[in-house]
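Shared between the two complexes below is chain A, which has chain B as its partner in the first and chain C in the second.
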Partner chain A sequence: MSKLAKTSLPPIAALLLVVAAWQACERMFDPPKYLLPSPLEVVSAILKDPGKLVRATWRTAIAAVAALAISIVAGTLTGLLFSQSALLRRSLYPYAIFLQTVPIIAVAPLIVLWLGYGTASIVTVAVIISLFPVITAATAGLTHLDPLLVDFFTLHHASRWQTLWKLRLPTAVPSIITGAKTSSGLAVIGAIVGEFFTGYGTNDYGLGFLIRVTADQSRTAELFAAVLASTALGVMIFAAVSSAGAVILNRWYDPAH
Partner chain B sequence: MPRWTILTPVLMSLLGCWQSDPEPAPATAHDGTLRKVTLQLNWYPEAEHGGFYAALENGYYRDEGLDVTILRGGADVPVVQKVAAGQADFGIENADRILLMRAQEADVVAVLAPMQTSPRCLMVHEIANVASFADLKGVTIAMNAGEPFAQFLLKKSLPNDVQVVPYTGGVSHFLRDDKHAQQGYSFSEPFLAEEQGTDPKVLLVAEAGFNPYTSCLFTRDELADEEPSLVRKMVSASVKGWKDYLASPNATNAAIHNLNPEMSLDILAFGAEAMRPLCSPEGQESQPFGRMTAERWQNLAQQMIDTGVLEPKTVDPAKAFRAEFLPSDSPE
Partner chain C sequence: MNSGVATLNAATISLRSVGKAFADKPPVLSDVSFDIAAGEFVAIVGPSGCGKSTFLRMLAGLDRPTEGSIMSHDDANSVSRTAFVFQEPALLPWRSVTANIALPLELEGVPRLERNLRVHECLSLIGLSDADAAKLPRQLSGGMRMRVSLARSLVTRPQLLLLDEPFAALDDILRQRLNAELHRLWLEQRWTAVFVTHNVAEAAFLANRVLVMSAHPGRVVEDVAVPFATPRDEDLRSTPEFARFVGEIARRLRRTDTPALPAGLNPAAF
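And then the complex of A and B:
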């Protein structure tokens, strides 16, 4: 079996099983549409106006990717800062946890009030949701060092900068990649939550808006279609981050190279 | 009122709850015990539900042999789904949503329409010098664009260059910006905006021509078919409650305030006062309370089809309501 088939066949088989079970449920219990539309109804909702779904997905993707990029950069920088001073880390890390615990549903309307309707608010909400995993992962990676290597650097009178650049950062990359993977799904959720509260304008909308509108109109099949598109977007961004991470790790961290 | 919660009943149903309909019991049990009935509200207790609370407080439900439990609603409660699936006996919902849900195979039927004129409005600043929807040029409007009333306004009444943004509750944006309009209920948001020192003006959506019956009492087809006497008792006690509430709301408002302290006695009093003309509009005072006509249901369905909210031929408006349970002799 080729490598591609080995990795892609099991999830496809699992998906087919779930869809088959879903269709079987429809057959057996025949639930009304408002409870559960059939897979067929969802597919026809997608096919009715695929352009609309694709445009909304694209809009949300841009906001999510922007937020993820900001989170990776800002999270890594915060981690670098924290790695330079234990005092700084102890004083500020508890506040970084705020990002994780803040009830975003309550804060999002305020953000819209401060930053206005539009992309800036949506990206801000998504950053708040996706930043924390990168901060934690980067801080851990930059501070948990091999003591032997630290001694080695000290013995050779390495400067703070040299230690950071040649020891801390290379050690931290794998864990930053893990943090970024966790954040990739969160960035999509954040963008959708942001879109719930702020729009891009009258004729421009993302998946969050589509989810809200179809729910407002009780169009269950179209709601499922929008939710599926959100999920697919999350998976795609996760896959992209994973592949980029795998390339980096293979190139620089695989002992075989 | 946001309703993103369609998934909740799906999950409940997947867990097998939808087969758990309680066995129908007779409307008045022979041993003199009361028949237990649940009424699911569409929001937290507020003036909009005053008549039902008055019926409860004044014992009208008990007089009919009913032990009614009123369940609070909220963003997390899918009202029509719960009633359709048998998890509640009656519910409160607006006529447009009843049509939308019937199109999704939820077999529910409206049996009483306390509010004949919809309180749905856009609230604008008096200072913005707006006389009608057509004057809202260049204004930012916060409303849920998916709601049928919003689609009606966008397609029939508003100028093309309005900027529509999602409505997220409250009145903060409105307070900040003279060029901002927002959705609301005429007896609620304008009160809050005025309290905060602005001068709001109300444009009723009903005056633009879109006027769904509001806060309808509804049940599922099955219950109306199998226990018409239960439904009749529920309707007649509710009508009594509504007449009481509109005449003297204070005691009931105190009870609502107890259940939902977020609603101050002042806003409840304002609400009851503002609802009176909505419940018995000028020129209709001699009509039976809460009546519904086939013409209005038909007209509403047609408007929703015309504005693309409802697929043609998915719902028969004549089946969405039943006027037969209303007490025959109940003019104002």
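And then the complex of A and C:
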């Protein structure tokens, strides 16, 4: 309990300090509401219609988690493919980097054009953004093997399949988890970017749509509330992936380290 | 001396003018020829860079000689069952002790029931309790991990056991204890063993033959029979004969050292 207090009290105190300073600035300079709402105004924007914010957050969460799951599976499979052939890796890896460098803002409307309005487009945008870290991490983990263990498997006539299943994949688990952690935040960002360009249907929208509409209409307090919800969602998904990863890694590394 | 009992369970090895060179570099090994009889325990000592590890890898079939030929066979087969004990335990950290020992049998497709039986047999052979058997490698001491690595090699019932400085990282007392255990296992099972080491006393205690190598390129310069009867025990180490023999091997080893260094400077790490 005291350990928990030790790790969680300082950031909470820092947050309270910033919020207090923000509220104080509001009092002193009194900027227009559409430029900078006060913390209290943001809170009242949340409380005015909490159901709307929760529904939007839930929508975005589902899209982000789906995209993250697809990225973890597809990224690991790509890494498996790359680990089986150096030629394949050299031929295709440069194109995987496209995923990292593509300006998603430009591509997202195209995807909506191709896949239509709704979940498919949003999840696709999120996958494009969150796939690359898993591919790199999985490829690195699947190809950097302990040379002694490679010798051992060769000496005992292990098949390609056995080496993959009993050596490569378990060796890569820690790096795949690291990749998934990086991707978890990106999946949320990707889902929000996707929702910028399309909704899920009439009266059903995610945080991205909410952010766009409130920004367009200068409902800044509500915009702040949506941004806050986005950030909280990102942190929550990251925390979930981190703790799942810690449980799995417990078997790989000494928890004392 | 070696009692020379050749059994079906041990490999015979013959090397004929074996050389090994890696591209664009001076040869690592040059013109190495000798035979190892079934059930012999041969220790190889030599300075760093004499190609001892390359030599073991070639015996294991993990690497090919660029010159000459290596044959390792038993009476029935042209290729013998080989196991390798590395410098490090090289265990899979996510597998329990039992699952680690079972790994080579899994790879070779031994049915589960027989696998369990043989793993259990091996556990008692190396003195691991059932509680230790369920642990992960990280929960064991360095010496225990090396024992597990040894068990993982023996579980395949090898005809040829190759050991690449397996105890180099352990402290002296532990090393001597594991030497005694290895000696006992060899007497019981009588595989052919090739043991690479920097430690001359270890070679003298374990082997019935010591090959002394020189470096640049690696060659076998001495082939010395070890004059101590088996079984051997810890008392052997404190006899004057043992000290004299170790001293003699160490002297011959020093003679092989590269003469380019100034007198009095001896880099050989033993």
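Rule of thumb we're sticking to: the second predicted complex is superposed on the first by the 249 of 257 C-alpha atoms of A that agree within 3 Å, B and C clash if a C-alpha of one lies under 4 Å from a C-alpha of the other, contacts with A are read in each partner's own complex, and residues count from 1 in each chain.
Note that in this section contacts are C-beta pairs under 8 Å (C-beta built on N, C-alpha and C of every residue); 3 or more make two chains touch, one makes a residue touch a chain.
From a predicted model like this one, the values you see are computed outputs, not experimental measurements.
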Fit or clash between chain C and chain B when superposed on chain A: fit
First (chain B), second (chain C), both or neither touched by A:Y34: first
Touching partner for A:D49 - first (chain B), second (chain C), both, neither: neither
Contacts of A:S218 with chain B and chain C, given as first, second, both or neither: first
Inter-centroid angle chain B-chain A-chain C after superposition on A [Cα, multiple of 10°]: 150
Chain B versus chain C as contact partner of A:L148, first or second or both or neither: second
First, second, both or neither for A:K166, with chain B first and chain C second: second
Partner chain(s) touched by A:D204 [first = chain B, second = chain C, both, neither]: neither
Gap in Å between nearest CA atoms once chain C and chain B share a frame through chain A: 48
Residues of chain C that touch chain A when the two form their complex: 57, 60-62, 82-84, 86-88, 90, 92-94, 103-104, 106-108, 136, 138, 156
Residues of chain A defined as touching chain B within the complex: 25, 29, 31-36, 108-109, 112-113, 117, 196-199, 201-202, 209, 211-220, 223
Chain B residues touching chain A - in the complex, by the definition given at the top: 2-6, 9-10, 13-14, 18, 80-81, 84-85, 97, 100-101, 103-107, 140, 144-148, 162-166, 168-170, 172-173, 176, 309
Contact footprint of chain C on chain A as seen in their complex: 146, 148-149, 151-158, 162, 166-167, 170, 173, 251-254
